[in-house]
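Please go over the structures that come below.
Two complexes come next, and they have one chain in common, subunit A, joined by subunit B in the first and subunit C in the second.
Showing the complex of A and B:
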């Protein structure tokens, strides 16, 4: 580091914002976990109890909700990873420069999920733009015969929103690394006579594996825990787990906060298990030579 | 980012940046409620609700916040113009309307009270039903206060069931009535001239227009009320009103409404998406009706204003079910830690004046909460002179077909029964 900054205080100051934000995060999570165990002092609830978890686990619609959430999170994260890697490779390959990256990556990253969900509704609802165009063009007999995106149990609208946002996110995570690979290893491979496709699959992709896996995990955890898109586009039944928690949290009986937090606890538990599995795989990978 | 490129900031910039970040974290920390200690919330100094003149004096110059659902543009405009201007001119009070969903308001209020914020940001709230029950039960409301309001004492029948009870919960002076609402249904008479006014006709109507009828899912305010109307259409008004005074026993409730649930299931095959899924909120249903995707809509306010604004055709006509439709009173309550209790009381009192109530009826067709027998002939004439458009129904017709809403404890259980036994069945 620069010698002029060798003061002992500086590193601590540098880390201070991060520490404060982390403390805030830990406070929020701890508060949520405590509430899930029925500790909400301002409502006069102070005895720890497992009742809320018991109630959550015995809910008839819980298992269906968990499966549905898994389905949404897994399909969007797998597709987003594939698409993101392809986008990243395309950007690297054609050397799109700043403008290309802006259009392909930064604009989608800046748009909020709720806005994208509204795009999708105005495009693909039963009276949306696409239905109107198809009807006007005589391709469907009535606007009702268009498969509306609203409330579709297959969740294709939800997945579409996530893809629109997360493909650029995965690309954002990998594009820098990938273009640097291109500079050195890929050039070496090319000199040794590998085709561009071969270079990509045998050299670039294995080198980016860890970053891609990390991006996949982030996308999965996000899609598993975010409520606004399934709330806006999802079906009445089954409801995604975060929507279930949100509905319970919004009930006027404030003691229901505990129940909602128990549902969030289940959600967090599942995400933690996925993260542990990920780190196990990574550790094994690291022991192996590349 | 900064160190990576070899760029560094001066020490001063570091400190400033860290300081800003720290302050941000701290303030957001206090917002989410890091408050500690259990001091009592101090009341506004020398606040005596019984001394009306002193109250008027204190309220002068205050800015009072009115939190409530902001989804009705016409009501928003009425509050921002008629009510706000009257308060400003007569009492020097500035009305600040804060649109927010009631659940978020209660979460915010509980957060502030949890953090012992004495000068709360919420002064008075548009509230009713289970939310009132929850807020009162948790001690989040100031009161009782209605007995100190001159207009409440002079013009409101405090003993009537619709003022003294709110979804089965005794009001006990913790909220003052604001308006009475009643569920209406409407169709475009140019497209579908026959109005399905009972359960049998409604089923036939759905069969005739497959995929073009639906209603908001239970849990949405309008959705739950419409489901109640159809249940009442099947089991009758008397049987349904048993739900206004019932304990939270899902089996007992199910026993009463089972024929209604059976009927709702029989509708499903002919509904939008074959009843496998329902729109999550009434706004979506209204949008779909306006777009022509649906042929029927319903709501607590008349379609009159949407007709006038050209959002829906002028040929739309409202109707009631023969067995009646559910109605309720909505109220205004004052937050326990409100910073401007005096201004809140003056504002609530003014909203209960015959003039504002008549204006509310004229502009929003909201049924008045005043006892018309207590008004003098001139005040009464202000109501009688209101010319209703084609999108509204006369007051006496509505009141003659009015069913009391299920109690606050029964509502979530009805919603649960609908979710488990009607959707997709």
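Showing the complex of A and C:
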């Protein structure tokens, strides 16, 4: 083959498998969203309708569900990002070694969210270890007087699960970069007389900003759309959006199915808005000098 | 002048890390304790008896958990292999080539980060049924690979960019052919990233519940799917035993990946993001 031609074709051959999988992903999402508009070709339904979205938005508990899910995802991702950056900074400072990183980062990465929900139940349910400790200390007089984590409307158990999982994840994303930046630039700043705290906030953190923002976005979208944890620990009312959508999805009626897909459309829409905000901020940051 | 200050920060970092490690390890220890006891009544702080009922019930029950475990490991290994190979090819295109649509492609590689997997799972189910991929191991592997691919791509693109093309060019100049260059230069230089991406993909597949449930349709059983109902059940001994087996198996596979890494002489993982 002509050398020039081959070098034009090569990149497309390289990305072909990834493109095929991405197309399948996009097809799946688009398919779901179209079903929410009543377009279900394999059933012969091709007329778009807003009925299911209307039904979703007139439902009294929907706005509460959206707010609740947004609150869970936002508080989990903000706290996890803060904690993860702090963890990353602490690891960089003390150089805790391979074994420490294995325990502190790899083990949480390996643990599935569902198992972490079990951890939280074992610790914070009415008969959990924390209630027992409080009882032994004379602070509560029965297991009923402990505010159990199961089904708590404030969702603090769900947030705890995400913190246990995502603080190490954010640290995993940032720790290598942070230690490199620390070696290269923070040392220079320290030599010029900056205090460690000042160095961290005005040198290391700005240099790691993009990576931290990316990790935040991943954690937010995950916590917003994940089914397992709110299903295991969430309240009956309000339900998190993914749980609400799956409840409708499982019902045999076609209308419920389309309705579930409308809820999926709302979920995807909110995540896309958050992503657009992220990309806008990133673009503005890129234009700014460091 | 700043020495005592630096020492104080180091001390604070240590205190933070010790508290953090306690928060990570205590719940695991409690789960191990629960897995090996049958009798831990309120308000006792310690289990009041030793029992292997939990593990025995998992492996001796009518459902063949051993086989399910093997199938889950097979699926996860297949996913990590596919994700790594596809990600390495994409990374090569992104780092070493300029082509029309590159930025669009770069954006689409992170799409599964932005749109929740639940939306994808419910939307794609019908398509998988019509393509004959639903309720098959192949279908589950494809679906898991889609979810794992963005992680693998980000990790391997970083390593590819950090390595650069110079080593490969050197090898070619010295007379190595394409295959030799790939085997002796390209793959070894990418190894830390490849193994990091592989273990990440493995974990994502092995712990995937919702997607597996919808695509596998209850026919393709993985350990994460079988375990899930028990976690919400009242029997904490069984639930904890499942958790213990999950963690044990994942940890063993992780150590395997680590030992490969060590044998190949790579000590340090590369960064996850640039």
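Operating definition for what follows: the second predicted complex is superposed on the first by the 261 of 290 C-alpha atoms of A that agree within 3 Å, B and C clash if a C-alpha of one lies under 4 Å from a C-alpha of the other, contacts with A are read in each partner's own complex, and residues count from 1 in each chain.
Basically, a contact is a pair of C-beta atoms (placed from the backbone, for glycine too) under 8 Å apart; a residue touches a chain by one contact, two chains touch by 3 or more.
Everything numeric here is computed off the predicted structure, so don't read it as measured data.
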(request) Examine A:177 and indicate which partner it touches, taking first as subunit B and second as subunit C; both and neither are also allowed. (result) second
(request) Identify the partner contact of A:42: answer first if only subunit B is touched, second if only subunit C is, both if each is, neither if none is. (result) both
(message) Is A:60 touching anything from subunit B or subunit C once the two structures are fitted on A? First, second, both or neither.
(response) first
(request) With the two complexes superposed on chain A, say which partner A:144 touches: subunit B (first), subunit C (second), both, or neither. (result) first
(request) Classify the contacts of A:236 with the two partner chains as first (subunit B alone), second (subunit C alone), both, or neither. (result) first
(message) Quick check for you: in the superposed arrangement, does A:113 touch first (subunit B), second (subunit C), both or neither?
(response) second
(request) Have a look at where A:250 lands relative to subunit B and subunit C in the superposition and call it first, second, both or neither. (result) first
(message) Quick one: is A:209 in contact with subunit B, with subunit C, with both, or with neither? Answer first, second, both or neither.
(response) neither
(request) Please tell me which partner, subunit B or subunit C, touches more residues of subunit A. (result) C
(request) Would you check which partner chain A:127 touches, where first means subunit B only, second means subunit C only, and both and neither mean what they say? (result) both
(message) If I apply the document's touch criterion, which positions on subunit A are contacted by subunit B in one structure and by subunit C in the other?
(response) 7, 10, 14, 17, 21, 24, 27-28, 42, 127, 143, 231-232
(request) Quick one: which bits of subunit C touch subunit A in the complex? Just the residue numbers, please. (result) 2, 5-6, 9-10, 13-14, 16-17, 20-21, 23-28, 30-31, 34, 42-45, 85-87, 89-90, 92-93, 97-99, 102, 105, 108-109, 111-124, 126-127, 130, 142, 145-146, 149, 153, 200, 203, 206-207, 209-210, 224, 227-228, 231-232, 236, 239-240, 243, 246-247, 250-251, 254, 267, 269-274
(request) Under the touch definition given earlier, write down the residues of subunit A that touch subunit B in their complex. (result) 1-2, 4-5, 7, 10, 13-14, 16-17, 20-21, 23-24, 27-28, 41-43, 60-61, 126-127, 143-144, 148, 150-153, 231-232, 234-237, 247, 250-254
(message) Help me check something: in the complex, which residues belonging to subunit A touch subunit C?
(response) 7-8, 10-12, 14-15, 17-19, 21-22, 24-33, 35, 42, 86-87, 89-91, 93-94, 96, 98, 100, 103-104, 106-123, 127, 129, 131-133, 135-136, 143, 164, 167-168, 172-174, 176-177, 180, 190, 193, 195-197, 210-211, 214-215, 217-218, 221-222, 224-228, 231-232, 242, 245-246, 249, 260-261, 264, 267-268, 271-272, 275
(request) Using the touch rule from the top, collect the residues of subunit B that touch subunit A in their complex. (result) 3, 8, 11, 14-15, 17-18, 21-22, 25-26, 28-29, 32, 34, 102-103, 106, 110, 113-114, 129-131, 133-134, 138, 211-212, 217, 219, 273, 276-280, 284, 288, 291-293, 408, 412, 419-420, 423-424
